[in-house]
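Same chain, two partners: chain A is paired with chain B first, then with chain C.
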Partner chain A sequence: MTEYFNEMFDGGKVRQPYGGLDGWMRDMPAELRAMKQAEAEALFRRIGITFAVYGEGGDPDRLIPFDMFPRVFTQTEWRKLERGIKQRARALNAFLLDVYGRGEIVRAGRIPARLVYQNEAYERAVSGFIPPRGIYSHIVGIDLVRTGPDQFYVLEDNCRTPSGVSYMLENREIMMRMFPQLFRENRIEPVDGYPDALRRTLASVAPAKCDREPTIAILTPGHFNSAYYEHSFLADLMGVELVEGADLFCEGGFCWMRTTEGPKKLDVIYRRIDDAFIDPLCFRPDSMLGVPGLMDVYRSGGVTICSAPGAGVADDKAIYTFVPEMVRFYLGEEPLLENVPTWQCAKPDDLKYVLDHLPELVVKEVHGSGGYGMLVGPKATKEQIETFRIKIKENPVNYIAQPTLALSTTPTFVEEGVAPRHVDLRPYCLVGEKVELVPGGLTRVALTEGSLVVNSSQGGGVKDTWVLAE
Partner chain B sequence: MILTVNHVTTYDYDAPMGTAVQSLRLFPSRFDGQRTIDWSVAVEGGVKGGSFRDGAGDRVEGWSIRPPVEAVTITVTGQVETFDTSGVLRGHRELVHPMAYLRETVATWIDDALQELGESAIEGASDMLDRAHRLSAAVAEAIAYKPGVTHTHTTAAEALAQGEGVCQDHAHALVAAARAVDMPARYVSGYLFATEDGAPHEAAHAWAEIWVEGIGWIGFDPANECCPDERYIRLGSGLDAREAAPIRGITQGAGEERLDVTVALEQLQQ
Partner chain C sequence: MLSRTAENLFWIARYMERAETMARLLEVGARIALTPSAGHGYRSEWESLLQASGTAEGFAEKYGDPVQRNIESYLFFDRDNPSSVISCIERARENARIVRTAITGQVWDTLNTAFQEIRQIERQPRSEWETTELCEWVARQSAMMRGAMDATMLRNDGFFFMNLGYALERADNTARLIDVKYFVLLPSVEMVGTGFDNYQWQVLLRALQSYRAFHWAYGGDITASKIVDFLILNPASPRSLMSAMRKALHHLENIARFYGDEGATGPVQLRARGLVRELDQTQVTEIFDEGLHEFLTRFIGDIGDLAGMVQRNYLSGDAR
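The block that comes next holds the complex of A and B.
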């Protein structure tokens, strides 16, 4: 039987960060809890936050369950995490700048050329281009899991357009509305500075040609996109325009936004559409979502696109293995956050190990996301394991495997009361003139008893995440 | 050799169209095999956008035309002095790692026949350079020059199956066959000056470049069974014809498009 680290209870003792929640939990009658839960749901429905976390699919109108039991970190725990996250975000950006430039890390033999340059996410179209401040990934979402008091692992990096930050903000908003006394009794670091910080970050990477206060817009694929709510929510909070491809056009080396007062020059685009759809002239010719000519404007320094096209080559699951190496190579530091040991099925030795140990391992598709196409060995039936064995043998390059991690649990409200459920954490690191991180993130929780899959499409929910002030 | 170029491309529409946006790769490459004496690119009624040199060394220029657009006319005129470098792209500044040219595209998809063509071509080759020559010869052998039997969307595999095609098909097939045997390869677009006694091939031309470790990029023109020499003007490159296209454009609207291209290359008598 695997021992799981419970973030609140150490045997019978309550761990320090959760001291302020023990009484709250015990004093809450079942009726009050049910009432509050219904209230929370009504609030979420009213604001319309019903989208699935990006790329996870599922019913876009389904509400992601919100668990009212907060997840808590001490200031000391957080400081340590923060240093590790910032370090990783810096290294990932240094890597991107390098592989679209001279490729020193490849020349030095620290990462195989094939893995980088033959990667589907490597955009030849941007090689040789240095974006403002040399930054490719301006919002880095780093998914973390915890296995012990001091033991955190990075599960994956998201360098393109990580979503879910609106949950971080809304979860807090709703908790404060429902349980104001909790926020008086506990000193909790605020997260509502995020929209301002994001705006500052985007403004700080305006092109050199911009000689005034930069005009920023969020480029969305449209209201049918599952994360549309988040796009409009962030645009609102930042006070910037929310635009679709059809609202923009390129002329004279700049990108323009159609407004009722005539065209307005755009300096920074926070795009929430994939590389392939940005510009039909450069990428997919059948894309209706992008702006024809945008890549030429971008490459000639007329507009900044965040995250930069091509940023995805840094968050590929096959590249992931090399992130600690990037930290050493570019920063000359030891990585503060650990990777999960990973077997690449493309390597014959690794493949053999994986096939021999399937019942203990988690197997993932290299390009998969959202918990689909994944095998959790210890939870799988014999039949599921055999099906996967065939799939892996047919196309080993497509799979990686990791040990099944003993994900930490936090108390979660369930039918029978309060019970431990497994959680992960996605903080959002902003990279611009400064590298910054609001104290918190999105905690996802696997609501099904014993489940280790926190993805919303697989029955996951979300929690408010607290960082206690000193 | 000093070559003068007159290249006019016209897209005519049967109904007025919305905005037209162009991305042009119509500038002679800078390397030891050519020196630009004079060059101009103009889009009638167009507004010039940003221009830059990409990681592969190509100069790219954006243009747009405001609506209503009835026709798009792109005129290229210039003079280039060319030198024979035996196909070697010497002195060309670029940054893209050769391995980025091992990736397949729809047009250069490697089917069994292309794989087989590549593998049998390099059998017994003495070194990498010899391999590249043999690959080019094999493609020339497998696909006969015949205009009108293929179109712009014909893939390398389709052209090979058909056994006939034009320079685009030769170049696609060579690129695919080289990649099939793990040699980075790319599609190159440019111009070819055909002397009176030469083969009657298109003046707007395409060929392939293969990466040979120790030497660098070398051009191969299976359509003419040679390596590019002073009769060639190189413009740009890409993974396939679409990426390397000298003109990429989008015009909004539902009108029918009619394309008219004239390319005239002349040798300046000294």
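The block that comes next holds the complex of A and C.
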């Protein structure tokens, strides 16, 4: 039996950050809990915080299960994480600036050229172009797991358009509304500064040509997208327009919004669509989502696109292995956050090890996301393992493998009462004029007993994440 | 404001008003069906409702003969019918979801609740619902929606575009409702002024929830010219063409001023002002001289033109 780190209970003792929750948990009668849970769900529905799933029948508006038991960090724990996350975000941006420029890290032999320049996410179209302030990834979501009191691992980096931040904000709103006394008794750092910080970050990377208060918009693929709620939520809180490709056009070296008063110039686009859909003239000609000519406007400095097209090359699972190396190379510092040891199936030795140890490993697709297309060895059946073995042999380059991590657990409300469930953490680091991080993030929880997969598409839920003030 | 946002708001209002009209049409039909057979019997009357709602062809393709129950399903619950109550409410709600941030929580709540409820009603056996109840339910949703807008929305371009949508849709729909009565229900001139004729006018007034208002406004016997005056020319009657057009003009002027055109002299405003002036100068006798049906057809065309101008000037995003 693997021993899992329980973030609240150390044997029979309650660990310090959770001191304020022990009594709360014990004093809550089952009926009250059920009532509160129903209330939370009604609030989510009413506010409209759903993720839409079209094309599968049933109600297209689904709720991500919300667990009322908060996850807590002390100020000391958080400061350490914060330093590590900011360091990583800076290194990732330095890497992007480098590989679209002179490629020093490749020349120095620290990362194989093949991994960078033959990467699907490497965007030739922006090679040699330097975006404002040299920043490519303005919102970096770093997925972390914890295995011990002082042991955190980075599971993956998200440099393109990490989602979920609306849950971080709404989970807090709802907890404050339902349990105000908890917030009186515990001193909890606020997270509601995020939308303002995001707006400042975006404004700080406006093109040099912009000589007034920059006009910002969020570009969404549209209301059928599963994250549409988040797009409209952020637009609303920042007070900026939420646009679709058809609302924009390019003319005279600028990008314009179609408004009831005629065209309005746009300076910064926070895009929530993939690179391939940004501009049908430059990428996929069949895309209806993007704006024809946008890449030309971007490259001539008429508009800033956040995250920059091409930023994805830094969060690829094969590049991931080299992030600690980036920290050393660009910042001259030792990495504060550790990577999970990773085997590259592209390497013959690693491949052999992986194939020999499949039942103990987690195998992932290099470009996969959302918890799809992965094998969790210890939880898999013999057939599943054999099917995967064939897939890996057929296309080894497409896979990496990691040891099955003993993810920490936090108490979670379940049918029978309170029980430990595995969690991860995604904080959102903003990179603009400043590098900043609100004290908190999105905690995802695997609601099924024993499950290590926290993705919402695979039965995961979310929790409010607290950082205690000093 | 983004043109697309304005367009969505405009159409939320149009769909909600249209849903209400569909329900009112159904109510007219259900009430007429309860009267003893006279003249043409029931069949043609139901058909006339389908024609007035612009759904006759779609219905014939799907069901063939106009049977009351099928018509009720078609006008209320059928998603193949783009004008059915359920289609209208679903689209209004989807449009609202798209521009969720341009409306208030209360307005969203009203639309979302209507949407959730109609889906529930749809799942219940039809025998549990009387047509009248369904129609009242729709009228109630519509009233709550207008109330929520009025009580909570900022008076900005979004609010004006929504109200413009309501006004134009209402003008169009009232004209169509009168047209059913006159053109189809009563094709033969000999019947004008007979007891049967008056009964049908009453039904129409009831369906428009204007029966009492009419009596307060006019008193005495119901005559064709009083009714035409009430439903077309009387600015005190909330569903009259005059009221709807004045409201449309009012909100078009609001939009112009909001965008800095103090005199409201844009092409759309000029056109709307022209239409209102024309109604102002029209006498009931002139309408009968022209022919009620001809007058209404011309009016519906004018409304269509005006809506087209709104689309080109504000909602398409092509204006420079």
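As a convention for this text, the second predicted complex is superposed on the first by the 461 of 470 C-alpha atoms of A that agree within 3 Å, B and C clash if a C-alpha of one lies under 4 Å from a C-alpha of the other, contacts with A are read in each partner's own complex, and residues count from 1 in each chain.
Everything that follows uses one rule, which is that a contact is a pair of C-beta atoms (placed from the backbone, for glycine too) under 8 Å apart; a residue touches a chain by one contact, two chains touch by 3 or more.
Here the structure is a predicted model, which is why all the values come from computation and not from measurement.
K.L.:
Look at where chain B and chain C land on chain A after superposing the complexes, then choose clash or fit.
P.N.:
fit
K.L.:
Could you say whether A:Ser232 touches chain B, chain C, both of them, or neither, answering first, second, both or neither?
P.N.:
second
K.L.:
In the overlay, answer first, second, both or neither for which of chain B and chain C A:Pro280 touches.
P.N.:
In the superposed model, A:Pro280 contacts chain B only, not chain C.
K.L.:
Using the superposition on chain A described above, determine whether A:Tyr117 touches chain B (first), chain C (second), both, or neither.
P.N.:
In the superposition, A:Tyr117 touches chain B alone.
K.L.:
Thinking of the overlay built on chain A, is A:His223 touched by chain B (first), by chain C (second), by both, or by neither?
P.N.:
second
K.L.:
Of the partners chain B and chain C, which touch A:Met257 in the superposed model: first, second, both, neither?
P.N.:
second
K.L.:
Output check: A:Gly417 vs chain B and chain C. Expected answer is one of first, second, both, neither. What do you get?
P.N.:
Neither partner.
K.L.:
Under the stated touch criterion, which partner chain does A:Arg299 make contact with: chain B (first), chain C (second), both, or neither?
P.N.:
First partner only, chain B.
K.L.:
Tell me which partner A:Ala125 touches in the superposition: chain B (first), chain C (second), both or neither.
P.N.:
It touches chain B, and chain C stays clear.
K.L.:
Which one hits more chain A residues, chain B or chain C?
P.N.:
B
K.L.:
Would you check which partner chain A:Glu244 touches, where first means chain B only, second means chain C only, and both and neither mean what they say?
P.N.:
After superposing on A, A:Glu244 lies in contact with chain C but is clear of chain B.
K.L.:
Quick one: smallest Cα-Cα gap between chain B and chain C in the superposed arrangement, Å?
P.N.:
So the smallest C-alpha gap separating chain B from chain C comes to 9 Å.
K.L.:
Per the definitions at the top, what is the overlap between the chain A residues touching chain B and those touching chain C?
P.N.:
Overlap of chain B and chain C footprints on chain A: empty.
K.L.:
Which positions of chain A touch chain C when the two form their complex?
P.N.:
Per the touch definition, chain A meets chain C at residues 46-48, 223, 228, 232, 235-236, 241-244, 246-247, 257-263.
K.L.:
Any idea which chain B residues touch chain A in the complex?
P.N.:
19, 21-23, 47-56, 60-62, 64, 66, 94-97, 99-100, 102-103, 239, 242, 248-250
K.L.:
If we count contacts the way the header does, which residues on chain A are in touch with chain B in the complex?
P.N.:
Chain A reaches chain B through residues 100-103, 106, 113-114, 116-118, 120, 122, 124-129, 249-254, 280-282, 285, 292-293, 295-297, 299-302.
K.L.:
Under the definition above, what is the set of chain C residues touching chain A in their complex?
P.N.:
Residues 1-6, 94, 97-98, 100-101, 105, 108-109, 112, 157, 161, 255, 259, 314-320.
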